[in-house]
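The first chain written gets the first letter, and so on, giving A, B, C and D; residue counts start at 1 in each chain.
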Amino acid sequence: MDCVTANVIHQEEVQGGYQVLFLDAPAIAPHVQPGQFVHVRVPHMEESVLRRPFSVYRADGPVLQILYKGVGKGTRTMTYLRPGDSLGLIGPLGRGWPRLTEGRFPILVAGGYGMAALYLLARSMPMQGIAFFGGKSAPDILCVNEFEALGWEVQISTQDGSRGTRGIVTHCIDAWWQAADLKGRQVEAYACGPNAMLQAVAERAMARDWVAWVSVDRNMGCGVGACLTCVLKTRTPDGGWRWQRSCKEGPVFECRDICWEDE
Amino acid sequence: MDCVTANVIHQEEVQGGYQVLFLDAPAIAPHVQPGQFVHVRVPHMEESVLRRPFSVYRADGPVLQILYKGVGKGTRTMTYLRPGDSLGLIGPLGRGWPRLTEGRFPILVAGGYGMAALYLLARSMPMQGIAFFGGKSAPDILCVNEFEALGWEVQISTQDGSRGTRGIVTHCIDAWWQAADLKGRQVEAYACGPNAMLQAVAERAMARDWVAWVSVDRNMGCGVGACLTCVLKTRTPDGGWRWQRSCKEGPVFECRDICWEDE
Amino acid sequence: MKNPVMVASGTFGYGPEYAELVDLSQLGALVVKGIAWEPTRGNENPRTAETASGLLNAIGLPNPGAEGFVREYMPFLRQHDVPVIVNIWGRTVEEYVRVAEYFEGIEGVAALEVNVSCPNIKEGSAVFGTDLDLFRRVLDAVRSATALTLIPKLAPNVAAIADFAKAAEASGADALSLINSVPALAVDVETRRPKLANVTGGLTGPAIHPLAVKLVWDAARAVRIPVIGIGGIATPEDALEFLIVGAHAVAVGTASFTEPRTAVRVVEGIDDYLQRHNMASVQALVGTFQCN
Amino acid sequence: MKNPVMVASGTFGYGPEYAELVDLSQLGALVVKGIAWEPTRGNENPRTAETASGLLNAIGLPNPGAEGFVREYMPFLRQHDVPVIVNIWGRTVEEYVRVAEYFEGIEGVAALEVNVSCPNIKEGSAVFGTDLDLFRRVLDAVRSATALTLIPKLAPNVAAIADFAKAAEASGADALSLINSVPALAVDVETRRPKLANVTGGLTGPAIHPLAVKLVWDAARAVRIPVIGIGGIATPEDALEFLIVGAHAVAVGTASFTEPRTAVRVVEGIDDYLQRHNMASVQALVGTFQCN
């Protein structure tokens, strides 16, 4: 974990308002584990006291990529960043995706920036499984070529049917599950996306004996475990619950650990 | 007076950190009188609740020019403005320079952005006189060619002697005054620059029976006379004093009206 | 009132200053800069300083006196289709009474806002707003002096604003407005002198908005008379927050300096919101805060 | 203390959280997140919301309890060359006494900061900080309970902070720290619900700096014991303002979230300033405010 000033190498729009930001961050990029995030101080936004968290999309040598969309004040300001600008970066932060359990079959489930948050995982996996990508419409489906280039099968669903199957991502998953011949393997799922998507994956995982890891999205303050903003309710062995910090113990949790009834 | 959004046409550095900003302001530019100012809402500076006042350097058709230097938060932020950006503009504001009194000989005295604040006056004068420009060093002497092109004689002084006479501007004025043959004309002086310069001009004006107009620089709030931030002490006929608003009754005052002892 | 959006005292002059830029008839009401019985010059320079998302001011209530104000500005104001609320202040209870009595007879004055909370008067006016007994005393006296609509303006720097709100209601106030600026201080570290000639000043602007919303909520729950929410409004959303927690109207202050047409934009933004949420009037929104 | 710059309670965890990014030995002191006798879970989510130049929080003082804290964190803290100040709180006078007594025996605790001013505890802790009698009662009790250095932390939402400062001094406090966060409220206008689960919260960050400077000035003039200035420090200049108006030390809060090394940069900036102004020590600067 380090706190640095990173120069913007370049920035490009991918599609549907999604941007990829390339940063020169030699003190951070090489240490990133799949599923970890960086905490960004957006420049020209003095009115804001908080940083903004982003999953690391790619880390190649000193270069770190973030894939994001302008949804609010901070992310919209970020779209103006140009080569030569610089920004503050803390990272890598959080506990990323655990390794695939020996003998399990990996599936990835993603919506929105979740596709970016899963890319490094897909790249580092010992075997390729299936990636289920869901979104409202075709422009929300990202990185498909990249995942396919890694040898992953990508199944796409959009709510308006403009790309892939019409419907939500769990329809695809269920259809696949009905037909799947996993040759005795159990599934290990990795999901990042809207909360409803995570919960739907969790339900299936619990019903079908999958291991399922979900990366949660909580508003963050410090990003390092100090402020206790980003907490989420997790189950304790005694049947009770306790807060865990999604920036420190998370953002990835096994779905059984989360008190979904409080989400 | 209007309140508009103006597009940046372009911006260029002149010298010594001074910038000229070209704005498209058709609702304002054609109405500007020499010595008036505009009140600028600097973009990307949400943390600041106040606008920043700038004299109009030139107004040609719909195009308004501001000459400024990055001295603080707002002006430094302005240096990043590029074509396509836009900013808020209220103007024209204040009472500008009065017309030259029939039969008087005009002299201009300027330091810093004062050279810009006097340009439109020089251009509109019925006769050309002498302009005395002072500054710390050569890069602080601006617009000399422009004034000469209008037919004005420009006498320059710099404190380090790097351009023109070494010393402060009043040395030049005094030397000129000693030798001047004004053919019976009285002087009418117009000054804009640091307060000490204005006061030195005022002293001479009062001793030598000049009329002298000075444009004062007060921190401003509203710029339109509502907040009473920008007040300065002025003499009343009964020997007392009253506040006047430099944004409304000013920024130009006859030097005898100002209570210099309180400056 | 045509709409619930006023402009706050001291931030919109006496009317003419912004009239070229803002159509006054689009304002719910115009609250003029504080008026005392005697003309007053106010504080020395500098009178304002910028802070993070805020403005510090100690103007010191310069004003032409009640008669001077009526002579110089009421003819202009009467020509415009906008309710005029006169903000009044004094250094003693007697001064408050005098100016309140005077305005009862003046045509075109819709209401008096009683400023007991300006932090920039040294003679003791500040104390009226933070000492419950003095507060009651001045309001009782002003109430007896005039039949005009009375709107005490509360100070934010108290431990329990509800007590002041209730006291004002008990004294016969017709409405409340809050908050006035928050006592504050900025220092120029190079000279080690205060940034304002008056040393301390009042903080206003977006910086104080969340604390104003809290105080307005506390006050609105404590009384039945309408509350006017003031403090840091720069966007329609800021104003909506006040209405939702129970204010019946709002006033835009410092933001008029940033953007003269803020109040008008707030009016439009509230209209949009009401339409989007299928609400027939502002009344339907007031006090709809869901806090449990 | 090596230098007068501490990190404020609740904004720097218990020490380990920032240790990879900030050299703890460069801090004047580390004030840990508030500790009560019993472990507490704190409030529901959301716990923070951004405002203009500020942060609204209602974390609700989750903590592992006094014994849990000592077991989990003191071994780490004792290994570092930084004075540890434990911020304590309770819901009753007895709870304060219990936790204060407990820490007297704990190695490595330099002082206790007594939080009587957290606006986010519903059971009544807030009242300790704004009711002068309760305030005296809890401080007298804590004073009798421990010989440790005691630093009451004052609430900003009072009419006369000097009264609280004097009361603390009279109760035997060794120093004062102020301010705690300012009670405030933010509303999501689309849902008409509060942005924080706890409804109200405490406002912190640059937005509140000028009001903190005013209160620190008022408090520092009222007492002889040292005052620690807290509130909205993001730059060395912000800290210098506190020192100039009379604080002997400062603490950086919210700004550590923005920039973890803020406190260290403030230390360096103060050093620069002292050198530029030919001052031998911070002492030479404290209270040099020129205000007449």
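As a working rule, contacts are C-beta pairs under 8 Å (C-beta built on N, C-alpha and C of every residue); 3 or more make two chains touch, one makes a residue touch a chain.
These numbers were taken from a predicted model, which means no experiment stands behind them.
Of all chain pairs in this entry, the one linked by the most C-beta contacts is C-D. Each chain's centre was taken as the mean of its CA atoms, and the one lying most distant from chain B is A.
With centres set at the average Cα position, the gap from chain A to chain D is 36 Å.
Rounded to whole angstrom, the centroid-to-centroid distance between chain B and chain D, based on C-alpha atoms, equals 48 Å. Multi-chain contact residues of chain C, defined as those touching 2 or more other chains: 52-54, 205-206.
Touching two or more other chains at once are residues 46-47 of chain A. In the complex of the two chains, the chain A residues touching chain D come out as 1-3, 41, 46-51, 88, 90, 218-219, 221-229, 231-232, 242-243, 248. Against chain B, the residues of chain C that register as touching in their complex are 10-13, 17-18, 20-21, 33, 41-42, 45-48, 50, 52-55, 57, 59, 62, 205-206, 254-261. By the touch criterion given at the top, residues 51-54, 56, 130-131, 157-160, 182-187, 189, 191-194, 199-200, 203, 205-211, 213-214, 217, 232, 234, 237, 240-241, 244-245, 273, 288-291 of chain D touch chain C in their complex. Listed in rising order, the residues of chain A touching chain B in the complex are 44-47.
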